[in-house]
Amino acid sequence: MVNKQSKTKRFGILTSGGDCPGLNATIRGVARAAMDKYGMEVVGIRNGYRGLIENDTQLLSRDDFGGILTRGGTILGTSREKPFKDKDWLSGEKNSAPELIMRTYEKLKLDCIVVLGGNGTNTTGYFLAKEGLNVIGLPKTIDNDIVETDVTFGFHTAVGVATDAIDRLHSTAHSHNRVMIIEVMGHKAGWLGLFAGTAGGGDVILLPEIPYDINSISKHLVDRANAGKNFSIVVVAEGALSKEEAKLDKKEFKKQREKSSVSIGYRVAKEIEEATGLESRVTVLGYLQRGGIPCAYDRVLSTMFGTYAAEMLFKGDYGKMVAMRNNVVEGVPLELVAGKIKPVPLDSQLVFAARQVGTCFGD
Amino acid sequence: MVNKQSKTKRFGILTSGGDCPGLNATIRGVARAAMDKYGMEVVGIRNGYRGLIENDTQLLSRDDFGGILTRGGTILGTSREKPFKDKDWLSGEKNSAPELIMRTYEKLKLDCIVVLGGNGTNTTGYFLAKEGLNVIGLPKTIDNDIVETDVTFGFHTAVGVATDAIDRLHSTAHSHNRVMIIEVMGHKAGWLGLFAGTAGGGDVILLPEIPYDINSISKHLVDRANAGKNFSIVVVAEGALSKEEAKLDKKEFKKQREKSSVSIGYRVAKEIEEATGLESRVTVLGYLQRGGIPCAYDRVLSTMFGTYAAEMLFKGDYGKMVAMRNNVVEGVPLELVAGKIKPVPLDSQLVFAARQVGTCFGD
Amino acid sequence: MVNKQSKTKRFGILTSGGDCPGLNATIRGVARAAMDKYGMEVVGIRNGYRGLIENDTQLLSRDDFGGILTRGGTILGTSREKPFKDKDWLSGEKNSAPELIMRTYEKLKLDCIVVLGGNGTNTTGYFLAKEGLNVIGLPKTIDNDIVETDVTFGFHTAVGVATDAIDRLHSTAHSHNRVMIIEVMGHKAGWLGLFAGTAGGGDVILLPEIPYDINSISKHLVDRANAGKNFSIVVVAEGALSKEEAKLDKKEFKKQREKSSVSIGYRVAKEIEEATGLESRVTVLGYLQRGGIPCAYDRVLSTMFGTYAAEMLFKGDYGKMVAMRNNVVEGVPLELVAGKIKPVPLDSQLVFAARQVGTCFGD
Amino acid sequence: MVNKQSKTKRFGILTSGGDCPGLNATIRGVARAAMDKYGMEVVGIRNGYRGLIENDTQLLSRDDFGGILTRGGTILGTSREKPFKDKDWLSGEKNSAPELIMRTYEKLKLDCIVVLGGNGTNTTGYFLAKEGLNVIGLPKTIDNDIVETDVTFGFHTAVGVATDAIDRLHSTAHSHNRVMIIEVMGHKAGWLGLFAGTAGGGDVILLPEIPYDINSISKHLVDRANAGKNFSIVVVAEGALSKEEAKLDKKEFKKQREKSSVSIGYRVAKEIEEATGLESRVTVLGYLQRGGIPCAYDRVLSTMFGTYAAEMLFKGDYGKMVAMRNNVVEGVPLELVAGKIKPVPLDSQLVFAARQVGTCFGD
């Protein structure tokens, strides 16, 4: 049964930023509900905001959403385009990226754009809303670092992939009397490292929120060796940093990191080898965490998020991001989300729990 | 660092009821925190409450908890023993099961027993607490049907197994122009069917909370066939029932069901074939949903739940079940849990979301 | 680089019989090689031989084979149509199924049909070849029961699925002191049961090739229980039968089986419970073994088989089935394949190996 | 039933070289058959040949082999010890590693040592056999590069892991219009890259056996891009090398490689970016390929290999390596295996098949 509206609503939909499991499941949720229940028209925008800038768009039909629930990646393509960093915009020139976006929006007679992405994407969404466009955001990221929502889609799939990898490393660590170091993603937040590290039984977990002291790590690893444990697993979030680095200002920190030719996982390995003499090996998990079939949890979450966005479209409830808050899906103003990231809180119950089973956070 | 207590606390731990992924991970959480952080003694009780009745117990050492985070099953064994249904207890005879339990409890000089189980187990725990024992409950079940907690450990692993199965059936349904019916567990609640059915893109999902009308299902399947879809997936929770059955009183319903030689999945298949003429095939997923390695989500949850129980032990915070409530782990009085089950609420956002993507619930 | 031929060859391709992982991967292998390397035309035939009977066919383009390497099921659909069992054919009437097939073959001006299927499919292929059609067979079955080839595609994927299931059951068997019985497919051959049973560490494995004596099984299970093993896994091939049944003639055996309302797994469970008093539980794995993503082994095999079929098409090497023989892919005359099945040989090295690690075959 | 021997045989068993799935399954096969069927004694040797040098050994009991069929790693530990490269041995000094090994062998009164390992391990086994020890080798390696056997255990598990990884990268490659490069193991042979690359549908596969020309790769990638394919997957075996490098002598090649700070995957990425301008991303799969639960295929193979080794022990059939040859397990003289590696043959049917479906090997 399709709810008739006086005028057929038409909205654009795009995916922006890094790849993430659950994008297609969410797109399906929005589109099926919007088309089948409310008779709306869906315009697919190619490659994130770039598709709006270049008017690379296409009216989609129901068939375009067939069989995509379980498919990794995004049928719409994505890019890391940041229109409000366009020099022309900053200098007030004509035909800047945001202007082109607004032009496409009008040309296509859109009632709203639905943007699936992380912090950057939703921040851009907020800026566009301030310029007068109707925008609905959806919280997509394997990093789980978006504020105002308890969880983002893609996160639990990535946790699963990283945990499987740690499980695999356990056996080889055990066979060789080694310290196995695994670097996982997470951007500037430690959620992925914390969850996968706890699920995988990591002996040491290093997070950006808890700067580490190599001596503390070394002591833990040597204590384990002395207690007869012939291996250890060290999980390093890509954003992890030392206590010394934590004291640096942002610019200086970035400069120092860029000088380094190796990623944080390799650096920690070297520091551990120097401090303990224990043989260590590094695995950088990389893009495996972004691809593939979304886990059941993420498919459920994506379906709830996507269909809720369709409700907001129907009601004209714009300028918000869909969020999960205390087990309830609801909209939160984009204004509250823009420009922020959500770190692991220092009083996290999970950090405490992990400490209780013996995990060392290097502090 | 071990927090010293004036007297070394000693607690018993048991697992009771059906097998469930995450039992060992939870045991590990309780034991590691209790032993390493608080210097407590842990007495393992074999095969659920039966081990308390028969004093089949053993003081455990740290090594007993090595490597069990990822292991399926329970190192303690389990049983479906229900001591308060013992005839001797009901008739007031001596040496009834509860009496024997209390005797073992005293003999072993336990400060508390930690019981990992579902509704029945926690209800028994409550009865024991009423008799004066110190009890802490932990919510274990693949059915997710325990009140006062948002989620139970084991649930998301079972959802993952059932979803993988539905994914497999999709391809064979598609190849043969068939209705594939999959019966999943969940006891009298529809959580497992609802989550796996949504994650697997089930075309029809039948839950105990939403009694079905075969005509409604048939219409949906025939509409799909007429629209050129050459297959359908029907997910049936083991507790599903028809509108007619929903009108029966409990006893009559049970009687009718016991007369039937086939499980609900097969019955629905037959009803669909008769009503639509579409060829159908049944898979009863069964014990696969109970076994195997817990998923990352459940390992994290188990670690949080188990270590929280150790906190409660340390504080003497007894008579409660550990629960997750709005993303916070806390204790809830066993009294509130005992004798209840948590159905899927009729205003469930997920049921609504599933409807919006086209799922038929048969109502 | 496309090898030019004087006339563009055109062949039909169909999949017939039960669903099986690797069908699409094999179709892709044939089609890509045939189209890209030899410039041939590919006609897709819907739903097995039925598509030839009804001329339900379609010229396919390269795009039809995009992204199907990993997809379960078959893009062509399948059926269990057996044209040479058509009554009209048997009674010599006109317009019988084989006649209609030959008519479609001529109408479409096919140079050959490529048939993907098991024993029945290749036997039909042989009959069509005898009627003058050019036929190339491809050995598809999860049962691995086709003669003249060392392995069929689909088999190792099914072995993987069944082994995963046994792994899951292990933990729940262990927790409950139970005999867990798992019934796997395999038709009249024991390959699937033998491989999965050995890989899963089955304590008892029952195969059609080795009729069982319930006393022998009981003794093994009781010996295990007496030796302190608190669980056992029994793997039952769907074709398994008792020593008594093995003495029956084929017709009588079939009759007796049809009388039984339960599958062999349930029957063995009952026999074990009666003979040993041990609690037992049954899982019938069913369609899960047929669906889903083919494993790496099967994708490699399918690619080798499919592209080899394209070579045979190019060379006009008809009337053969593609086979793997001593690690070499080659063609074998359909005549040698038709009407036969390949049982597990009684001197199988794997049966011997399984016995050596303690497996009981019930004999 | 235990076959009595006049004197109880006692053998040592060790695992040497890199970690590999199936080690424990093979150990179980040898030990169960040898102990249960032939009443032999099993001495576990810790950490490969190092355990023999240092007499770090232990008599094992049946319980030591319980539940290890599915476990990754090796319960015996491993090392990369190469006793015949000991300087003392080379210079004729006393107490060299081989001498110490022979002393331990005599001290423990061993009838034989069973060595599980790759080329190096079996070559050492051959040298020890030449010195008069009884040795049986078992072909363990994820590289599949041991001569005289069609397959090694561990290989198909690693192929599965690498194929899963490629599957994951496919979606993210597709979303971002990227060339995704994945470096897999395989040592100096291309088996792992070839199998996983074919199973994963790699567009380009680079193997040590087929030196590559970057222009050929670039042309293929650009042709794909021009044909509208917005991504490509490049699978690089760790031993891959360019045509220029192939001309270098071994020493010079090694020197040049050691100068490079990045692995071959990163180098190929850079060459592709420079030659085509296409954005590329690298994943180095690393240790994930060595760890974890062995796949069903490897468990079957390990059980066959292990129990066959027990037969050889029983018969005193020493100086051989267990091998699979044309589907038959048999022993081959260690002399034929020592010092050799098995490359992918240039007339490989699989390389041909992969080319036929469009794979570019860069030649």
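Here the chain labels run A, B, C and D in written order, and each chain numbers its own residues starting at 1.
Definition applied: a residue touches a chain if its C-beta (ideal position, glycine included) is under 8 Å from a C-beta of that chain, and two chains touch if they have at least 3 such contacts.
Not measured: the values here are computed from a predicted model.
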Minimum number of chain-to-chain touching steps separating subunit B from subunit D: 2
Chain whose mean Cα position lies farthest from subunit C: A
Intercentroid distance (Cα basis), subunit C paired with subunit B, Å: 36
CA centroid of subunit A to CA centroid of subunit B, Å: 31
Distance from subunit C to subunit A - Cα centre to Cα centre, in angstrom: 43
Subunit C residues counted as touching two or more neighbouring chains: 167
Residue numbers on subunit C that touch subunit D, as the complex places them: 28-29, 32-33, 36-37, 69-70, 150, 156, 159-160, 162-163, 167, 195-196, 198-201, 293, 295-297, 299-300, 303-304, 306-308, 310, 326-329, 349-350, 352-354, 356-358
Residue ranges of subunit D touching subunit A (in the complex, touch as defined): 15, 19, 23, 47, 71-74, 77-79, 161, 165, 167-172, 174-177, 180, 230, 261, 281-284, 286-288, 290-292
